[in-house]
Each structure stands twice: as C-alpha cells, then as structure tokens.
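Each chain gets a letter, A, B, C and D, in the order it is written, and its residues are counted from 1.
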Amino acid sequence: MSPNNILILSVTLAMLAGAAAVVSIRSLIGAAILEGVVSLMAALLFLQMSAPDVAITQAVIGAGLSTSLFVIALRRSNSGQEDSDE
Amino acid sequence: MKYSIFLIVAPMAMAFLVPFLGHVMPALSKGLSFLTALAGTVLSVFLLITYKTPFTVIMGGWIPPFGINLHVDMLSLLFATVVYGAVTLGIAFQLSSVVVKKPYFYMLILLLLTSLNGMILTGDLFNLFVFMEIAGISSWALIASGNKTAGVRGALQYMVVASLASVAYLAAIAIIYSSTGTLNMAQISGGLREMNSAMAALAVLLILASLFTEMEIFPFNSWVGSAYRGAPSSISGLLSSAVALAGAYAMLRISYIVFGAGMGNIIRFGSFNITSILFWMGVVTVVTGEASAFTQKDAKRMLAWSSVGQMGMILMAIAIASEKSIYGAVFALITHSISKLLLFMIVGRLVSATGTSDWTRWKGIGRKNSILGIFFIIGALGVTGIPLFAGFWGKFTIIGSAFKSTGSSYLGVYIILAATVMEAVYFLRLAHALFEEPERKPGKVNTGIVFWTCTTLLALAVVIIGVFPAPLDRKIKKIPSELRGDNTSGYISTVYKAMGR
Amino acid sequence: MNKIAAILMIGIISYGVYAAFSSTQPGSKPFKRKAQNDVSRAYLAKTVNGKKHSSIMRGMKGLENSSSNIVTAVVLDYRGFDTLGEVTVLFAAIAGIGLLLGGQKKRVITPAGPIISSLAPWIALFILITSAYVFLHGHLTPGGGFPGGAMIAAGFLLMVLGFRTKPSGVFRMLESFAGLSFVLVGLLGFLKKGSFLQNFMGTGEMGSLFGSLFITVLYAIIGIKVAAELSSGFGSFVKEDLEEEHE
Amino acid sequence: MNNPVFLFGIGAFALMMIGLYGVLTHKNIFRLILSLGLMETGVNLFIVAASYWDGVRAPILGKIFNVKTADSYADPLPQALVLTSIVIGLGVTALALALMIKYREGTGTLEMEDKREEEVEE
C-alpha cells in the first residue's frame, strides 16, 4: 500500500466513523457539528480524486455554511441538548 | 418553434421579478404572475395548433449530447398545455379566495410552473433531476404555506421521501454516466443495452424508485394523504393535476425512450423484466389507493387517494405497452387533471364555507348551491369514467388494450373495473350527502365571478371531451408513433438528427 | 421502523449492489473505465464544435471557449442551463424560507462581545477580497461563483453577529436583479446567436483573466446572487435566533 | 486495495448506507435532515468516484495541453454535476430546516409521529 492510499484509507475511515457518530450520538448539536466534520473529510476525498472545484465547494458550503445553518436552526427551534429519541 | 424555451424561461423570469415588485407593489406582482401564466397558456396552445413534426431545441448553442437539449413533440406540448392551463386556473382560484397570500406564494407557483415545464421538455437526464428538485422545493414550501401543522407535517414527509428518491436518482445517474459516457436520453437508450445487464438493472430500479415517488405509486406515497390535506386547496389541486401529471410524463418518457427503444420493446436485462414490475406496482397502487379513498371521511384525503388510484391505473397502461394502452394512458392523464382540478376547487370552497373537510358534515349544502353540487357530480363522473364524460375514453381504451394482451396483463381488466365501481360508490356517497336533508342550516358558500369562470370552464371541458373526443383524439393518436424510436419522426431519430448523425 | 428491520433492508440493498458489481456478464460497468468517452474528451480538447486542434496552448485564440478550468467551462458554458436551474433551486428555497419564517414580530438584535465586534470588519473585508478573487478567477483556478458567493454570505453572517446590522430588503432586490440578469444574458444569446444561454461575447485569449468574458460575467452574477440569497435567507434564521436570546 | 478507486467507491456507498440507516431509524426531524445530508454527501462522492481512475490530474489545463494526453485528466462532467448537486443539497437542507422550525412552533416537538389531527379551515 502506497502512503497515498494509507492517507485515503484513514480519511475514509474518519469520515465513516463521523457519520456513524452522527446517527448514534445523543446530543443534537454534537451531531450537527460532526456532520460538518464528515463534510470536511468528504472535501479531502474530493481533493484526492482530483476534483479541486468540488472540494472547495464542499468545504465552503457543506462544511461551513450547512453546519452553521444546522446550529442556528437548532437554537432557533429552541430545543434542549437531549434527544428524546432513545 | 425554438420559442418553446419561453415556456420555461418566461415564468422563471417573472418569478425573479416578484421580490422586486413585491417590495414596490404587491398587488401588481400578483396580477403579473397570473398574466404570465395566461400568456404561457396562450403560447403553448399556439405551439400545439401549429405543431407539425417533433423538433429539438438546443441550449447554449452546443449540440447534444454535449449540451442540453429540449425535445418538443405532441406528448410534451399537450402536457405542457395542461400544466399551464391548470396552473393558470389555480392562480386565479387562489387570487379569488378569501385567504390573502403573500407575493412569495405566487412566486413559488411560478417556479413550480417553470420546473414542471422543464421536466416535460428536457431531453437530458441530469437536467430532469434539477427540475425535479425545483418542483420538489417549491411544492414543499407551498404545501406548508397553509400555516397549519398538518401541511407542515405533510411537507416534511414528502421532503424525506423525495430526498431519498433524489439520492437514488443521482446514484443511477452516476452508474449510467460512468458506463455509457452520456447523459442524453436518446443516447442512453442505445448505451444501456451495451451495459452489463446486472448494472443496467440496478440503475433502472433506482430510477424507477425515484419516479414512483413523483408519480405517487405505492409504497412511495405515504406522504400523499397528509400533504394534500394540509395544503391550501389550490395547491392540492395543482399537486394532483400538474405535479403528478409531470411525474407520469417522466415515467412515460423514461420507460419508453431510455429503458426501451420504442413501444412494446421494453428491455429485459437478463432475467429481470421491467414490464412485470411496473404492472404489479400499478395493480397494488390501484388497490391500496382506492381502498384508502373508500375509507376516508376527509374529502381532501379522499380526492388524494383517488388520484393515487388513477396513477396506478396509468402505470398499468404504461406497462402493457401497446399502442392502444399508451393512447389510453395519455388520454386518462389529461382528463384526470381536468376533473380533479374541478373537484379540488369545489371542495376547497366547501371547506372554507363549513370550516371542516369532513364530508359527512356537509349535508345539504348542494340543496342551497345546486350548481355547485352539479359541478361536483360532473367532476366525479369525469374521474370515474362514466360514458359521456371525459374520463370514459381513456379508461375504455386501457381496458380494451388489457383485453388484447396476454398473460397477467389480462388481470388489469378486472382490477380497473373493480376500481371504477369503488370510485363510483365513494364519489356518489359524497354527492348524495351534498343533496341530503340538512341537519342544521348549511352555511353560505363564498363564490364569485372568478370562481364560476374557472369551474364552468373545467366542467364544460369534462362534458365536451366526453361527448366530442375527436379533436383531442386526433392529437393523442400521433403520440404512440412519435414515442417509438425506430421511425423517422420518433424521439430518438429526431435527437440524432440534431446531433448531426 | 425498528433497527433490525433497517439493518435487514440495508443488508438487502448492499447485497443487490454487490451482486450487480460482481456480475460477470459482458458489458460496460462503472469504476471500470473504458477509453475516455466522447463527451468529456470533447470537453477537455475543446472539440465539441468539430474543430480539431493538435494541442492547446496558453494564449491561444479562437477556441470554442477560453476557460482553462474545464469544470467551469462545463458548468457555465456547455451545460449552462443546468446552472440556471441550480440558481433557481436556491432562489426557490430562500423564497420558501421567506414564506414560512418571514413576516413575524419585531426584531431586536443584541450586539456581540467586544472581541468579535472589533475583529469582525477586518475579517469580513478579508473574506470579501478573497471571495471576489475566487469568483473572478473561476475560469482559471478552482472555485467560482458558488463558493465565492457562499464566502461573502459567511462574511455577512459575521457582520450580523458583530454589529447591529440588520439584513434588509436590499438583498431581496439584489437577488431579484441578479436572477433577472442571468435570464437576460441567456436571452441575449438567444437573440444574437439563436440559442438560449449561448456565448455571444466571443472568446478571448486562453488563460488570461478577462479572456472568457461570458464566463466571468455569469460567475459574477452567480456570486452576487448566491451571496445576496444566502445572506437574506440565513438572515431570517439568525434574526429570530438573536431575538430569542434577548427575551 | 492497491487501487484507490474502489476505496472511494466503497467509502461513498458506506456513507450512503449509514445515512439510510439514520433515515430509517430516527423519528426526530433534525436527525432525519442530518441523515439525508449524509446520504447526499455519499452520493456526491459516488458520482465522482464512479468516473475517477487512478493517477489522473485535475481537469484544469496547464500551459500546454495535448489532445493525446486527454486521458490523463479527470472527467470534468461528473465534477460539474456534483457542483450542482451540492448547491441543490444546500437549498433542500435550508428549506427543510425552515419546515422543522415551523413544525416545532406548531407542535412543540421535533418528533414526527404525532398523529393528532386538527381542523383545517381556509
């Protein structure tokens, strides 16, 4: 395995771990922030796939704006930190 | 003929103008929205009258498959006309109703109009996705604009299902593009057969799943009841008569052009056969849709599930895939749009007059407003498909084509007949309630010149098409041969001509 | 739906995808690329209109478009109609937000702490310059109108947090104006060249800053539109947010 | 494992499936929206990965571009599609969050299954 592949593998695994945390973590705000982390990892993968345009857009829109939007909307909907789902 | 781009661009430009006008003169923006839709209707009728052969309009000056192309033929022009007509009447109806809506409301209707026409005219698989998303976003916002929690809940349910559908659609695009190297529908039609057949089957299943959501096919239609109920009545009418129509159009187009190059030639991928999947989904949808409509005490939900039943019947016709069944499907779609819009308009006014959408509490309203009651019966007979009313011809042809086909399709005859009986029972039950002896004094129904114009036009259309189907018949007769890929006026050869091959 | 059913469903889907990908029947498949296909090869070599070049050099003129970033060329030139649709999606979403959340009680905005309010203008200025660079160089370097506009909107969000700036109707106007100009550019192409959204400004030198005027103009419009849209739309989330904090 | 293409593809598919699991098991609207976002990111990765192959360059032409070397560049079309798809995803997310806020104002909860029906009047 080349060093590049190891990098790709670790980014992919980090992304998947973040995603698994998003669907299982109790805190809603934590899930929103982890979603941003997943987007950032995806942006890194786009960069690895020679798609710099997509990577920039994903980083700015997916990781930046979407995450802040999630947090703002969550505060606006005035919900507590607990998830009553479980 | 290249002016057909204005069918998409004009409402879009007007929608962009609304925030500006809404700031200066809200009333003007509403009026102009209506006029834009009206002008589009005139344009589409004009194009329909002067139409001779199918043609391709290229965008950006790039020939397909490099650029995006619009494909204009009898099928797309007819459906564009119906969508324009329905939306124009829907805007008029909303303008005349007591609830005052913000300019944004009309702007979203214009965007819905843009996107439905885009879905109908485009010849590019990804462009279809973009327009489907615009249609989705504008209809969620419109459904929730009723300011009732039921509408918001319906919109959210629709949003979740439709987002899953769009993910499936994008995955299918990824598979198809990376195997065939093109996004143009006409080219994919050839490329799909060069694909590994298991891969092609996977892509086709993903696309079908997403189109079933647009077309309200079971089991992708759980959102239908609450969305139709919570939406303002004008929007419920448009969902049934325009949005579902565009979904059915996409289904027709994709299943004939993309999946099978022509009629009766729907592709088999190894042991996987689309025809039987479509047919059985249609059967299940008819049964569940009509059964749910039968049990509803809520008039709007009842109409919603009745639409689902109709869409199931049309899916069955698409699956039978004979020249006759296509004719029947197109006819039934058009007449269903007209009759359902009429029914939703009347029900909308009854809901606002009585404050409830439970039809068992509408007893006796028809006695005081007899014309309204008669219009309701006309609409109901139009949907049901009783002879001398518009719905008859489509249903009759579909049953006829099911008779001629062999195998399981023959079952379609019984299913459709049984569904017709159920439809007749639940509509006449409601109509009977309207003319029953009232328990208490029925309220006054708020009508007006605009309302009467809209409903009279629609009711007349139902009766005239039922008695003299000839003009519509002449137009629809052209469609089966144009859908077929192998002749010179077919879809695929038209697009290939534009490619310069 | 309970978890076991969900896992079962995912298992079925995964098996189906696995079966499709491991099928040994003949025919083309994704991830196993044949020679690069016609469409994207023509985009890369700029031979869509049939003119062949042996090689393309920086500074060359008379190409079908002079953008060296091919993704930008695809987004704005070859498939510009998709991008108009994309802009419309955002427009519809923001309109929907306006319809659902707009027009409520009077808003009070509380100022942020001293650190943010003193740093905010400088950061915002920096973001503004960067984003202008991003969308003006869209045809040369990665980036373009969408990330550029989103960056401006982020800067604006910072201004809202830092000052008592209220997002006003100006944004709606700007958005409306930018959307109309996009359609207008398309219609000018239609009138001058016969096809909607066709490049009517000609192509210049490949690789120069103002070599592809058409793309630069469209990206500037998109940048302004996205910035205005996101600022006004997200403003309507933020405003209420701050107000609730105040109460 | 030596070819990263499959790594990208499997990663993208796994992300979609995790998102689907979230959509199927949660009733909380906020979580539904987050899970749909995961699925969107996954499908975007999938689109680019399906047309990617090892060792290609970004589709930005250098000083000299030779037609014969076109194969050494990444396919620009899927990247353009994903660009569009990301922005569309943002629009959908924003509207969905607005719907969520509205729902919360109406019902006081973020859970979906509240079956209570209220009268509609127009």
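To be clear about the criterion, contacts are C-beta pairs under 8 Å (C-beta built on N, C-alpha and C of every residue); 3 or more make two chains touch, one makes a residue touch a chain.
Just so it is clear, the structure is predicted and the values come from calculations on it, not from any experiment.
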Chains in contact with chain C and also with chain D, listed by label, are A, B
Whole-angstrom distance, CA centroid of chain A to CA centroid of chain D, is 11
Distance in whole angstrom between the CA centres of chain A and chain C is 20
Here the gap between chain A and chain B, centre to centre from mean Cα coordinates and rounded to Å, is 37
Per the C-alpha centroid definition, the whole-Å distance linking chain B and chain D comes out as 27
Note: chain B residues in touch with at least two other chains are 126, 130, 133, 137, 140-141, 144, 174-175, 178, 183
Chain C touches at least 2 other chains through residues 17, 30-31, 33, 37, 39-40, 43, 69, 71, 79, 82, 85-86, 89, 92-93, 96, 100, 142, 146, 234, 237
In chain D, the residues touching two or more other chains are 20-21, 25, 44, 49-51, 58-60, 77, 79, 81, 83-84, 86-88, 90-92, 94-95, 97-102
Pairwise, the chains that touch are A-C, A-D, B-C, B-D, C-D
The chain B residues in contact with chain C across the complex are 2, 5, 9, 12-13, 15-20, 22-23, 58-63, 65-68, 102, 104-105, 107-108, 111, 114-115, 118, 126-127, 130-131, 133-134, 137-138, 140-141, 144-145, 174-175, 178-183, 191, 194-202, 270
Note: in the complex, chain A contacts chain D through residues 1-2, 4-5, 8-9, 12, 15-16, 19-20, 22-23, 28, 31-32, 35, 38-39, 42, 45-46, 48-54, 57-58, 61-62, 65-66, 69-70, 73-74, 76-79, 83-85
The chain D residues in contact with chain C across the complex are 5-6, 9, 13, 17, 20-21, 24-25, 49-51, 53, 58-67, 70-71, 73, 75-77, 79-81, 83-84, 86-88, 90-92, 94-95, 97-99, 101-102
Seen from chain B, its contact residues with chain D in the complex are 97-99, 126, 130, 133, 136-137, 140-141, 144, 146, 148-150, 152-153, 155-157, 159-160, 163-164, 167, 170-171, 173-175, 177-178, 183, 229-230, 232-233, 300, 348, 351-352, 355-357
Contacts from chain D onto chain B in the complex sit at residues 16, 20, 23, 29, 32, 36, 39-40, 42-44, 46-47, 50-51, 77-78, 81, 84-85, 88, 91-92, 95-96, 99-100, 102-103, 106-107, 112, 114, 117-122
